[in-house]
Structure formats: structure tokens, C-alpha cells
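Below, subunit A partners subunit B and then partners subunit C, in two separate complexes.
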Partner chain A sequence: MFSFELLINAIVIGILLGGFYAALSIGLSISFGLLDIVNIAHPTFIILGAFFCYIFNNNFGYDPILVGLVFTPVFYVLGNLIYIVYYHKFEKTGAEALRGLAFFFGILFIIEVSLIVFFGVDFRLVQADYIDFKLSFGDVDLPFRMFVPFVIAMALTLGLQYFSSHTFFGRAMQAVAQDSLALRLVAIDPAKIKRIAFGISLATCSIAGALVVIVIPIEPSVGRLYIGQVFAIVVLGGLGSQSGTLIAAMMLGLIESLVTTFFGPSWAPAVAFGALILVLAFRPTGIFGRVGDTR
Partner chain B sequence: MNRFCKHTFAIAAAGVIAVAGYMASSSQAIAACPLKIGFSMAQSGGLAGGGKQALVSMEMWAKDVNAKGGLLNCPVKLIYYDDQTNPKTVPGIYAKLLDIDKVDFVVSGYGTNLIAPALPVVIQREMVFMGLFGMNNNKKWKYDKYFQILPSGPDPAVDFSSSWFETVMKMNPKPKSIAFVAADAEFARNLKDGAITNAKRLGLKIVYNKNFPPRTADHTPIVRAVNATNPDLFYVASYPNGSAGLVRAVSEVGTKARAFGGGMVGLQFAGIMKGLGPKLNGVLNYDFYVPEPNMNVYPGVEALLMEYQKIAPAKKVDALGYYLAPWSYAYLQILGDAIKAVGSKDQAKIAEYIHKTEFTTVVGKVKFGANGEWAHPRTLTVQWQNIKKQNDLDQFTKPGVRKIMGPAAFATGKVQPFNSLR
Partner chain C sequence: MKARRDTRFYLIIAAVLILSYLVTTAMTNQYYFFAGFAILQFIVMALAWNILGGYVGYVNFGSAAFFGMGAYAAIVALQLFNASLFTQIVIGGLFSALLGFLTGYLTLRLRGVYFAIATLALLVVSETLIANFDYVGGAAGTYILPTRKPTILGVLIVGKQDAVFGNYKELLFFIMSFITLAAIATCSFIEKSKFGRGLAALRDNEEAAECMGVPTLKLKLIATTLSGLFMGVTGGIFPYYLTFVDPTSAFNLDISINALAMPIIGGTATWLGPVLGAIVLGTMQQVATVTISSELNVLIVGIFLVAIVLFAPNGFLGLIDKFLKRGN
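Presenting the complex of A and B:
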């Protein structure tokens, strides 16, 4: 059943899907990749962001992406507060490994249960003009339900990449991942940098939430479906590398789309995770990971 | 001791024994109250939408029964735990219900995947087990105390889609080929297998047959792959996320199939109906109750739904309750009627009574076959038509939006080709 039309459409959708996965993973590449914080609740924060978008879209008709952008400072502050607790209770005492993980598991359940209590468990979808719009170039379709999230995801990823490599705080974020002691020697407080970085990581959840609710229907526990995937993308991309995360997400999106189209959707996760194992066998630090990074 | 004294002593002793016996039996009766019915129910996770809806109507049943004096002179108490839509939690929940909570009866949680892990625990205790929307769970066990409220029919996996196939085969020209897509989950796979049996029986050529993982974010590649095989019919067995995703994908990519749908769970949920709106037009899917004129076969269902819809906003559950509320009420109604008729908690006698009785419930007359499934199928095939607005739930409460295509006894419309309604 191979046809050129199928192939091109599979590639286009794969790239768009990759962009969507990048948006889900980019914040985690900061918290898990740079800060070594196993924020297992990251997808749940994304769903929290998605619910804010749904409320404002459903009740007031606001565009979900606009709502996502407006709520980024709220998520940034939330991230700062969570990090302060995490730092004082776990990181400072060296108990962050298992207890820290349990802490984020706890946050995951608290958010999920709160969403269930306040909103119930119904599936929610948002409305926006572009969601039902598509451009066709001959046999190739460009559905805006996927294209708009792709554009936002690219802007988010490239923006973060620029921030990381061209600003003081961005470089400090990179430095804290490599040698926090050296950072102290130049009179920078690693805890402060980590707090800001974790805040940024969570701020991305607000935007990613807007993209999620555009692409799929949401309910409080839907984030759990993506936990394995986002961590796999961050590891595959190389811990702490935003461009690596983007490329890994694209790879997974493309593999998923091509395998689904030509071999059947049930093979897609197996092939995608097979590729992950293969890459890690040859490059244990991921595609863009630093050689010698043994985290 | 003279004769009089002997008699007096004997009577007094007998009296003491009788009083003691009565007190013992009544204290036993008091100790056995309330009558406890235990179950797991999805209150979080993917099936929580259905689970919460079910729980509301189950509590309504308990309230109704208690208002009439309870069962076996005891008030009824429901004891339940959230299974998180996770089958792994279910055996532990039922072990706790039986060993620690000491429940008198158990019923199932919502859905095939959550019934399957409970069955071995219940079978071991030889208890009556009422199932809520299980697809062919008793196929391997052949347990004689299992009864299931989903109106699939005696051969559930096959009978479930019979009406759908009867409907599509009425199309002119007759369809010749079919594509199958199913979510990678117990219920969907069972359903697809049954539908394949029907397709083979009718001589339809199967041109595509694949499963997809539940976490699939974008379903357009699946629809494109199906379109490449150019089927006349496109049968889908899916859970809510996949159902919504596939309807959206078909809206974006289009399909030349003359019928699309079949076993899509979730399209009946208020939130998804409201969100998808006109994208549902043309979808031909299963259902159990729709607000169509021919549905008056269900006595009391309208009153039940009116009451449910009053409670639903405060409980933050499905606003309409068409899909599950009548059925979760009915499976307890059957158990309650059987307990009352038998007059004891004897599980074997209750099972025997359920087997031989035709019950009158809010979902109409119910008679179970030997395997605990409905003796005769009554799954509806409905087609979404005339949906004008998005984000308008009210339109779904009126007749003419989900017209019944089959079985013929309930039909309120004639099936149209999918694209003619788009």
C-alpha cells in the first residue's frame, strides 16, 4: 500500500507531531536534564495548564494559546515555590533521590485529585477557529490543529535554546548542571539559579498545556500517558540539551507517524523505543549529550 | 421436686432457651446490618467519566431501596474503592472488601478491563457477581454466578456488533470491503474480534486490520493508512481518547467509507459530544439508550435520568447520564430484587433465582442466558444526524440527533452514507 502521497503526509504529520512532543518535553529537559530533578509530575503540570486554558476558552471564549501565555508567570512562581520546598526538605539534606521522587509523585496525585474534585472527570475539548482549519498543497494536508502547536513549540524551544546560550541566567543554568561548586566560587548561589531554572521549566507547562488541549481531549489523569515518553525524549536528546530534545522529539514523531502509516500503529511505540535503546547503546549520553556525562 | 415444679422449670427453661435463641438470632440480624455491597469503581483515570456516572446512579438505587425499608430488613450500604482505572488494583480491592470489610455481596466496577481481574477473587469465594459493561468476561471462566448488564447478547463479542452489520448491509449498493481499527485494550480487541466474525459471515473483504496504542496523540496517519485501502466500511473499536481522536482525524483527512464507527466508547459522553459537535454527523455507532421516541420500552428511565441530571452538576459527573446511569442502576436493581425474592444471603440460591427470572428494570425486561449474558441482544445502532452547533449540549437531549437504525423494533431513522451527512 506504499504511495508517495502517504509517505509525504506521514513525514509532514511526523514533523508536526515531533514539535508537539518537543513542547511537552522541553521543560523537563531543564528540570531533569540540567537540574537533576526527577519531576515525575511534569506532564500533570501540563494538564493543569491545559485545564486553565479550557476554563477560559469554554467560559469566555479566549484563545487557549493566549491563556497559556498569560499563565506562564503563574506557573513560574509556582515552580519557584515548589523548588524552595524541594531544596530545603530534600536537596539540601542530600535526600533528593528517593524522597524527592516521592515528593513529586505526591504533587502529581494532589494535582490530579484537585482537578477531579474541582472539574470532575469528563473529557474536555477547546474551540478555536484554526483547530478545524487545514491547508492543502496538492495531496499534502497541513492541519492547523497540529501546525499551530508545532509553530509554538518551535518558538518555545528555540527561545529557550537562545536563553540558555546567550543570557547570563541561561549560562548559569548550564553551569549549575556541570559544576555547582565552581558557581559558588564566582559568588553565584546555585540554589537561586536552580530555583529560577525550575520556575522556567514549570512555566513551559502552561504553554504546553495549551497545545495539549488543542491536540487531544483532556481529563485529569491523561498526563500519565506521556510520562514515559517525555522522559525518553529528554534522555534520547541528551540531558540538558534543548536542541537535542527537539531533535529527539522529531525523531520519535517521525518514527511514530511512518510506522503507523506503513506497518500499523501498534508497532509505533515498540519501534520508537527500540530506536531509543539503539541510540543509547552507541551514544549513552544521548544525541546531544556531553561525552563523559555519566548522570 | 414435684410434678408442678418440674413442669414449671421445663417451661421456664424452654422459655429462656427460646428468648436466648431469639436474642441470638436478632443480635445476629443486627450484627448483619447494614447489608453491605462492595465494589471497585473508577473514580480517576481514563474510565472515571463512566465510573463516576455509574456511582451516582448506584447511590440513587441505594437511597431508593433504603427509603422502602432496605433489603432483608436491613439498610443497604455501598462500600467502594477507586480502582484508578488500573486493573492491577482490582484483586486487592476485592480481597479487602471480602476479608476486611466483610461485605455481603460484590458487584463489578465499570468496564471489561476492570471486571477481568476481579473475577478470580470472586469465583474463589463462590459469590454472585453482577458485571457492569463487561465484554465477554465469562468466556473462559464459565462461572455460573456471573451476570452482566451490557445488553450484548448470548455471544457478546459477536452479538454486540450484529445490529451494526445488519444496518450497514441495508445500504445500496451493498458494501463489499471493511477496515478494522481497534485500541490496544481488552474490550476493544474483543469487540473487534466479534465484528470480524460478523464481517466474515457476511462475506465482507477485510482490507485493513490493526490495533493502536491508547496514548496515540494524532490519529491522522491511521485514517490515511485506512483510506489507502479504500474500504466501503470503517469499523472502529476504541476508548474515549481514541474515539475523539479518530473522529477529529476523519474530519481533517476525510474518508470515502460509507459507514464509519461501530464500537467507539466515549462518543456517548456529554463532554465529548459537546466538544465534537457537528464532527459527529454521519458517525454510525453503538449505544444503549438515546432520547428517541421508541425508547419507552424502559419503564422509569426518564424519571431516573431527570433525577440524575439534577444531581450531576453538583457531583461534577456527565451532565446527561444516558450512557451508564440506567444500567448501573439496573444491575443493582436485579441483585436487590433477587435478594428480596430469595429472602436470604444464600449466594447459590440467589444465582439460581437470577438465572430463572425475567426482571423488570429501568432498562426494560432483562433475562440472562446460561453464561450470564443477556439471553437476547439489545445493543442499538445509532447514527448522528442534524447536529448544528458546537459546544451546545442541549441539542443532544432532543430526539432526531442520534437516530436509531437498529434493531428494527426500535428504529427511528434510515441509515445514510457517512459523507452525505457531513
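Presenting the complex of A and C:
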């Protein structure tokens, strides 16, 4: 069963999958990692984005990635609105732990069922020229259905990393995570920074949604499958570190691809979640945890 | 005075149990037993969730893992030694209680959100393990055909004639009523006991409680075990109810959200909250499934959950309290 060719292919797919996972998790690394907002509906927002891409691709033939980009402002505004509600109802009263979580759990179900009501539970696909294209280097295949999302995902992840370490606003975002009281002392409103940051986090869902619908056929509850992966990656990556998130995503993608190739796809879900339990139990600050972070 | 109130409480419980038996002999429409069973199931799951979520403040997203593992432990018992219905329920309960006990150790290192996410991970890991476990049917699921006639001390309890119950649906309904009342009695006991006050102390401030000499780990372990026990018992009876079980239905996230939404909607302070929440939401879902569609009943839960956490922080119980206070 084991062969070198199989191994190389599994590694290539693993790296591509890792990039894809990075795109799914990068938004959550902002909301959950930096802002402490447990947006358990994050993958469901991604599926919502994926359905927008599907609608415009299926009816008008637009490229899914283009649609994803065009819809980022919509998601940004949506994120702002959700944060305003979240802030006034939960964060201000200090009730975010239980009720904030329940709030996002409820949103997850509302989005999911609304999609089911409109689109049913059939699997949906998008059409684009590059999706069926494939490059072959000897025994190694490079499927563009994975490679194009990989490139976009890398651009998104590295772009956000640059943004958060080199711009004023990015640094303010990091500061909110470290000490929001200090931020207030220098006359910056933490709630405003968090609102914008949460908007950005949801905006990435639109692009990630486009990538999802290219990589796999979607149906409304597909998002649930990714809850484990994205939270595992963000926690593994050390909460809020964009480069940590990228590395953790790569690791998870590789492990999952190897498990799928050599043990069968039915074991793959256990990998991400098993890793998550172990990481949570033994190293809650993640492998790449920030130094001095005691959470 | 307090003792008398306790006696009255347990008398009411016993009366309700007898009433539920009388219902099975009087009512002929089988649908009501089917629907009633589902609602009772919700009540027990909600009460079990509340032991950990409401009294201790640890949010469990993985209720379906305990439920599903209970169901599958019962199936394994049936496959291994053709266990009777009662043995199955007990085994389902004990297995999930063990799982709950182990989860309790997770709380040593994981608080708040991290615990919640870990339980969600536990759910997917359990589902994957069962889906790859061919002995119980794997991902395709398995049929449960009861071959043994259930008897207690040699008396036949289900049969066409001369039996205590006319058919299985009625028997299951009665057992479920019994479990529900046992869960209510347990929760009411916890609320009044020293154990319950310990839990409340550690919910409000775990470090402070530890410093005051509350044995937090022991209390948390008892709470997770009890919570797992009741979820497992509910799972253990489930295979008989549907006669077909597959991993997707036994480990469904809908079970988790219902177990969590019902106490939050009803109110988490006392056992009455989860019961109210489960009755209201459960009935609405049954009605919606029959009259509209089964997707919409999940939508109802979602909308209710969001609306309640936004506008009625303490659930129905909080609303009722506020209403009574205004009346005075």
C-alpha cells in the first residue's frame, strides 16, 4: 500500500490543504485569538459567503473569487453590526461567556437553516476554467482546484499579517488583545477598534467562502465540519498570531492529508479534533503561544 | 416545615409517575406517546446539561457525544449478550457517566470557552470512532430488533394480552417519565444540598471557593458524572425508540444545541427552567415538524435562543420573576 509516489502526492495535497485551512482560520485568529469573541459561527459565515459565490456564478457566470472579493464590504458591515449588538448586550455587562457563546450558536443555526430553506440540502458546485485544470510533474499532480485557493489563501494570510504588524490599526488591534485599559489611557476607544477588527474578521469569510466552493461541493451544514479545524488551528497557532496560524494550518493540512491517504478518509475528522483536545489539555497556549500569555 | 415541603415534593413526583402510567392505559392514539417521549427526552437532556452548565457554569457543547455514546453502549450490550431493555439503559447510563467522569478531569486545565470547545471536539471524535466501528454498523448504522420479551420478576410487561403495557411505545413512554422524574428529583436535591451550594460557590469564583475549602475537583467530577449519566440513560433508551441508529443521528449537533438552548431559554437557576424550556421548545418543534417542516423546527430553536439571550437574560424564569414582582 505504501509507495513513495503516494507519499509525495499526499504531502503536496497536504500543503495545499494547509494553505486553504489558513484562509478559513485567519479571520477567527482575529476574532477569537485577539478579541476574545468566540465566534463559533465563523465557518457558517464562510458557507454563507460560499453560497453568494454560488448564486452569482451559477446565474451570471461570474468568477467565484471575484464575487468573494466584491462581497467583502457586505461582510465587513455585517461584522460591524453583529459586534455592536454583541458589545451592548454581552461585553458591556460581562455576560459574554455563556450567553455570548449561545448567541453565536443561535446565529449558526439561523444562517444554516435559512440556507437550507432557500437552497435545500443538495450539494452545489461552481464553474470556472481553472477548476478542472491540472499540472503534472512526473508522478506528482498539482490540481488547480486546490492550487488557486492556495495562492489566494497565502495572499490573504500574508497580507493580514503585514497589515497587523506594520500599520497603525493593526498594532492597535494587537494592543486591544494585550491591554485594552492602556489603550483607553491613550485616548483610543477599544470598542471601536474591536468593532472594526471583527468586521475585518468577517470580511475574510467572504473570500474564504469563495475558496471553499472551489475546493469542495457545498451544502448548508458543511460549515460544521470545519468548526474543529479552525478552532484547532487558532489554538494551536497560539491565539492571534497570524504566522502561528499559518504554520498550524500547514501542519494540520499535512497530517490530515497523510491520514486520508494511508488510513482512509473516514478517520480524517478525528485528526483535527483529536489534536485540538490534546492541545487544549496539555498546552492551552498553543505550540506558538505568545510569551508571557497566561490565558 | 422544610421536611414537610420535601415530602410534598416527592409525593407530587410519585403522583405524576402514576398519572403517566394511567395515561398509557387510557390513551389510544400512539402518536402522542411518540411525541411525548421526544419531549421527555428533551427535558432530561436539558436537566442533565443544566447540572454542569447551570449549576457549575461549564458550558457543554458535546451533549450529543454523551447521548450517542449511551446509545451505542446499549447497542454493544445488545450485540454482545442480547441484553434486555433495562440492562441496556443501565449500561448506556454507566458508560456515559464514565465518559463524564473523564471529561471532569478536563476541567482541571480548561475553563470557560476552552472547555466548551473541547467538548465540541469530543463530540466529533466520538462520532468518528463509532463511524469506523464496524461491530455496531459503522457509518451505515444498525437496526435494533428486540428479540427478548421484557419481563420484571417473571411478569410479562409488554404484550397483546395480560401484560402491564399494551405495546413498546407505551412502555418506553412510561420508562422515560420515570427517568424524567428521577432527573427532576436529583436536580431539586442538588439545589437544596450542601453539594449544590458548593457548586454555586465554584461557579461564582472557582479560586475563591478553592481557598475557602470547597473541594472543587471532587464537586466538578460528581457534576460531570451525573450529567453524563442522565444523558447516557436518555441515549440508552434511544435505539429502542427509533429501532434504527446511525452515527449521524445519534451524534447530531442538533441534540447538543437543544440540550443547551432549552435551559438557557427556560432559565438556568433551578430545575424548573430546563423543564419549562424543554416543554415550550419541544412542543413547538413537534408541532412545527408535523405542520411545516423539520428544518423549520431548528430555525425556531435558533431564533428563540438569540432572542432570549438578547432580551431576557434569565430566561422564562427571569421573565416570570419580573412579572410577579411587578404584580406586587
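Operating definition for what follows: the second predicted complex is superposed on the first by the 271 of 295 C-alpha atoms of A that agree within 3 Å, B and C clash if a C-alpha of one lies under 4 Å from a C-alpha of the other, contacts with A are read in each partner's own complex, and residues count from 1 in each chain.
Note that a contact is a pair of C-beta atoms (placed from the backbone, for glycine too) under 8 Å apart; a residue touches a chain by one contact, two chains touch by 3 or more.
What you are looking at is a predicted structure, and each value in this text was computed from that prediction instead of being measured.
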Exercise for the section: Have a look at where A:G106 lands relative to subunit B and subunit C in the superposition and call it first, second, both or neither. Expected result: second
Exercise for the section: Kindly classify A:F231 by the partners it touches after superposition: subunit B alone (first), subunit C alone (second), both, or neither? Expected result: second
Exercise for the section: Could you look at A:S114 and tell me whether it touches subunit B, subunit C, both or neither (first, second, both, neither)? Expected result: second
Problem - Partner chain in contact with A:L125 - subunit B first, subunit C second, else both or neither - result: first
Practice task
Answer with first, second, both or neither: which of subunit B and subunit C does A:I200 touch in the superposed model?
Solution key: neither
Handout entry: subunit B versus subunit C as contact partner of A:S266, first or second or both or neither
Key = both
Problem - subunit A positions touched by subunit B in one structure and by subunit C in the second - result: 112-113, 116-117, 224, 266, 269
Handout entry: Parts of subunit A lying in touch with subunit B, wherever the complex brings them together
Key = 1, 3, 6, 9-10, 13, 16-17, 20-21, 58, 112-113, 116-127, 132, 134, 141, 143, 145-146, 215-217, 219-222, 224-226, 229, 256-257, 260-262, 264-266, 268-269
Practice task
Please name which positions on subunit B make contact with subunit A in the complex.
Solution key: 43-46, 48-49, 51-52, 84-85, 184, 210-218, 220-222, 224-225, 228-229, 240-241, 244-245, 248, 251-253, 266, 269-272, 274-276, 315-318, 390-391
Fill in the blank from the handout: As the complex stands, subunit C meets subunit A at residues 53, 57, 59, 61, 106, 109-110, 112-114, 116-118, 120-122, 124-125, 127-129, 131-132, 139, 253, 257, 260-261, 264, 295-296, 298-299, 301-306, 309-310, 313
Handout entry: Contacting residues of subunit A [partner subunit C, same complex]
Key = 38, 40, 85, 89-90, 93, 95, 97-103, 105-110, 112-114, 116-117, 224, 227-228, 231-232, 235, 266-267, 269-270, 272-274, 276-277, 280-282, 284
